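Below is one structure; the comments refer to it alone.
In this document, chain identifiers A, B, C and D correspond to the written order of the chains, with residue numbering beginning at 1 in each.
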Amino acid sequence: MSPATDMAVTVGGVRLANPVLAASGTFGYGREYSPYLEPGAIGGLVTKGVSLQPRAGNPPPRIVETACGMLNAIGLANVGLDEFLAHKLPWLTEQPGAVVVNLYGESVGEFAELAQRLGAQPGVDALELNVSCPNVKEGGMAFGCHPGAVGEVTAAAVAGAQGKPVWVKLTPNVSDPAPMALAAAQAGAQAVSLINTLLAMAIDAGTRRPKLANVVGGLSGPAIKPVGLRMVWQVASALKAEHPTVDVVGLGGIMSGIDAAEYLIAGAKAVQVGTASFTDPAAAGRIAAELAAYCTEQGVSAAELSGSLRV
Amino acid sequence: MSPATDMAVTVGGVRLANPVLAASGTFGYGREYSPYLEPGAIGGLVTKGVSLQPRAGNPPPRIVETACGMLNAIGLANVGLDEFLAHKLPWLTEQPGAVVVNLYGESVGEFAELAQRLGAQPGVDALELNVSCPNVKEGGMAFGCHPGAVGEVTAAAVAGAQGKPVWVKLTPNVSDPAPMALAAAQAGAQAVSLINTLLAMAIDAGTRRPKLANVVGGLSGPAIKPVGLRMVWQVASALKAEHPTVDVVGLGGIMSGIDAAEYLIAGAKAVQVGTASFTDPAAAGRIAAELAAYCTEQGVSAAELSGSLRV
Amino acid sequence: MSLSLKAKVSSNEPVGPEIYLLSLEAPAIADAARPGQFVMLRVSPGPEPLLARPFSIHGADGGKLLILYQVKGKGTKLLTQACPGSELLTWGPLGRGFDLTAERPLLVAGGMGVAPIAFAIEYLCNKFDEVRLLCGVAGTVRHEALIKLFAGRLGSARVKIRYSSEDGSIGRKGLVTDLLKEHFSTSQPLKPDTVLACGPLPMLKAVALLCAEFEVACQTSLEAPMACGVGACLGCAIPAAGGGYLRACQEGPVMEASLVDWEKI
Amino acid sequence: MSLSLKAKVSSNEPVGPEIYLLSLEAPAIADAARPGQFVMLRVSPGPEPLLARPFSIHGADGGKLLILYQVKGKGTKLLTQACPGSELLTWGPLGRGFDLTAERPLLVAGGMGVAPIAFAIEYLCNKFDEVRLLCGVAGTVRHEALIKLFAGRLGSARVKIRYSSEDGSIGRKGLVTDLLKEHFSTSQPLKPDTVLACGPLPMLKAVALLCAEFEVACQTSLEAPMACGVGACLGCAIPAAGGGYLRACQEGPVMEASLVDWEKI
């Protein structure tokens, strides 16, 4: 299908052929899904969160299915920065589509160092700071619930990133994500992405034990879409008023092109597809095609759709 | 079925024949569901939120279905206190099972007045303060997100309630509900019930309008169960350490006896069945029976099950 | 008295494009049912889709409950897959039906609005020698099934049907309200004393206005998104003429047109 | 090369209590499949249940993919309702299968562990005159289907099967590890050089320990909850002997027993 409408967008300083990205932690380092997607089918991908040192992650069980959703407590298992640079990034750089590197530090200093080393890589289009992981003891969500901490982490990353756009991934585990978004914008972020997972839990009534070894985990999937839409709308409205050049990347439960359209309408400039890839390895590409079909039918470009909610 | 095990519990100062209550706003004033439940099938009910003056509620559409959940923006429509006392409470008082009156004020003073007038009614077993409704402009969630405000409202209600137990219904739209629970406990609440609905939104991609006239609404149903379980566990753990006599009433997405058991295991002393009643008008009774069957099979009483999570 | 039960599917057959006739074994509900009332029907035993769907009672015959439904979205699509023998959680009969005490009732149906109207016609045929129905359809192609249905199940000599169709393929070209206006103007002095109407909202609104103009009582069967069906959730709010809201499931689905705020709806 | 496709159900029949044999039209996957590999299968097109289920490839025959599955929970229950002609989203073949280069392999299956082992046997029958299998079942009643299956599909003269059963109703009373120990002790000097095992975790653990004791290489096919099946989610972590974790879907499901930390698993 050749969409009759313009699907290209510029979001958070990155030009995308279409507004659909694969979400961090659900698309590996890209290559895992290459058998299932046409090259160039999606606007790009966000890598699994990279930390300075390799991380083994949490003990299993790490995932459990819930009603229209799933919990994960991976614990930010990842190959570490050196291995990422040596063996993951080169392949990614050769692919069409933007490469956004999601990164995770246990301290402001670690975020700065990661931003510096990753910012220096020509193959990296943007950095996404994970200040919202519910599954780790240090950093993660602890940063993401306080505007001051979000601002500090963001400023440090922006200073280190040598002009590379910095995005900040926000947690939904707050009453109102707008103060966090404004703090990130104030500190120089070019986009905020939301939502990360909702802190949640599952219990096995048979054994009376938590179903996850980590006890709690993050809820994702269609179940959380209504929460994601609400928060994207709140944040997009707040940014529009105070930082109109800072973009929103929306995610949470997107399973179809219509779901993606809803996020754009709510105010996102681009979207990310997470858990859906687990339910269909070709999901991200299919969603991009469905979104293009929707835009064609509606006679709008992707950019025009963004923020077009009529309240 | 006559359960071989003891299902009676005392929760928040109220003795219940079994730990299953019907949740506020999902069971009307009780009578609506009387054709579908055996008398005495459930431990009791929590009424639709009552305010001093009658409230018409929000314009329609007020409800919309989402993946394994629903949004509502009823806007606390209710008959008002006078009508409640004259025409709803008398019938309720004649039924077996506890009567918990959920109440909603726009100010601390209104909460106090409601508590005073309802506390004086012999047919009322406990008061549940709704400081967590996401669908109203004044009061509601605004109170529920700040420990200071929760404490103030609770103290005022406890002072007015003439010894009637006061329960406080907490919102999930916070990073951690434990400070709210501790503030309620400190101010004299005998139980906290959680969770209320998650603030959320749905968009119609065809019309590019919100699906709810109120734009945002509250997410309930199976989709939110993992969030409810996590928060009940957090709050139960916190109260156990600091206010061991204050109980937790758990709710959010309970559809079966096993779901109810999970909440008890997480630390709730009783549970409430909400949205499930919409999917099956006999749900609350069925869930009580299933929970009794589970307890018999496991050889535990309902009281023993409470807080038995092995972490 | 309403009740809830697992109703066994007796048959579930397409009667036209995207239109199905479902027959359920639910004697207790069928016996209590009155025209204009509805049932709530759970189309899946699992949590998705979560809510039950409301359907008007199309007929109640020998312990069987008939439902005439159109495929709209995922719930009704799933319903088409319910095989005979399978069970569907059903509760009812619910709500306020038609008041059938009028002396000269006139029935008005638009499209699928025929579902409850057919039940009312059966009822009225026991009482009157002649029952008049004005029936608006899109055209013979899209609504062939409904037209056949009338010719068949309602094809009693007592039922006098006049059609209007948007494409002119049957009866008068135009809207059913055109027929209604004509009927009001020409039926003097035996003008109907009550109109009983069911159909899409714009049609009901036009019918209500016309009835007000000609000073004829009007009962409209309204739809609203529903969660509980029993008056508990307050989700099914219909703006009331006097301000505030009425519950479609409790004060309705059939409401006196004069009670409804047709501007706000 | 793995790929994803909507596979048409050719047949989906019960072969015993709670055990079904599913045949899917998936030539591209079937052709690429090797024993020990698996596929991910979506049992519902909607969001509930959300995740795909992993199933070992039980056979690959003329473009058909065979899956032998046991009803465990809601996903497999739903799967039993997939009618011939319907389509199931399927991706694979996935993961690391058995290394079948051994000189004197011995197969060990426990219960449903037979699903991938059967595919390995077919493969080995092309290479060896005799293939030995030790098979542990609960008993003839509970595992009648599996036993029949061996007698049937694997009933080649080349396959030498010894049974153990927990209730003594077939073969030796006891566990399959009892058979294995006996086999190790009595098969000298033609002791197997590699054991290929699939079955419940406690069995695999016991098999791994025994192989270590008798210094026989051991490949175990492991299960873990999976979300993606392709190595991306990191959900299927298996504790590794050297610390850290291996992915059951990528470094497994078949893993050298020596790579696994059997204490932590």
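Going forward, a contact is a pair of C-beta atoms (placed from the backbone, for glycine too) under 8 Å apart; a residue touches a chain by one contact, two chains touch by 3 or more.
This one's a predicted model, so the numbers in the text were calculated from it and none came from an experiment.
State which chains count as neighbours of subunit A and simultaneously of subunit D.
Touches both subunit A and subunit D: B, C.
On a CA-centroid basis, which chain has its centre farthest from subunit B's?
Here the answer is chain D, farthest from subunit B.
What is the distance, in whole Å, between the centres of subunit A and subunit C, each centre taken as the mean of its C-alpha atoms?
Centres of subunit A and subunit C (C-alpha means) sit 48 Å apart.
Measuring from the mean C-alpha position of subunit C to the mean C-alpha position of subunit D, what distance in angstrom results?
Here the centre of subunit D sits 56 Å away from the centre of subunit C.
Just curious, how far off is subunit C from subunit B if you go by their C-alpha centres, in Å?
36
Taking the mean of the C-alpha atoms as each chain's centre, how many Å separate subunit A from subunit B?
It comes to 34 Å between the two C-alpha centres.
In subunit A, which residues are in touch with two or more of the other chains?
67-69, 221-222
Where in subunit C do residues touch at least two different other chains?
In subunit C, residues 47-48 touch at least two other chains, as defined above.
Considering only which chains touch which, how would you classify the arrangement: line, ring, star, complete or other?
Complete.
Once bound in the complex, which stretches of subunit B touch subunit D?
67-68
Spell out the residues on subunit C that touch subunit D in their complex, using ranges where they run on.
Spelled out, the residues of subunit C in touch with subunit D are 46-48, 74.
Within their complex, state which residues of subunit B touch subunit A.
Where subunit B meets subunit A, its residues are 66-69, 71, 141, 145, 173-175, 198-203, 205, 207-210, 215-216, 219, 221-227, 229-230, 233, 253, 258, 261-262, 265-266, 294, 308-311.
Which of the residues in subunit A come into contact with subunit D in the complex?
So the residues of subunit A in touch with subunit D come to 25-28, 32-33, 35-36, 48, 56-65, 67-70, 72, 74, 77, 221-222, 255, 275, 277-282.
If we count contacts the way the header does, which residues on subunit C are in touch with subunit B in the complex?
1-4, 42, 47-52, 89, 91, 224-228, 230-239, 243-245, 264
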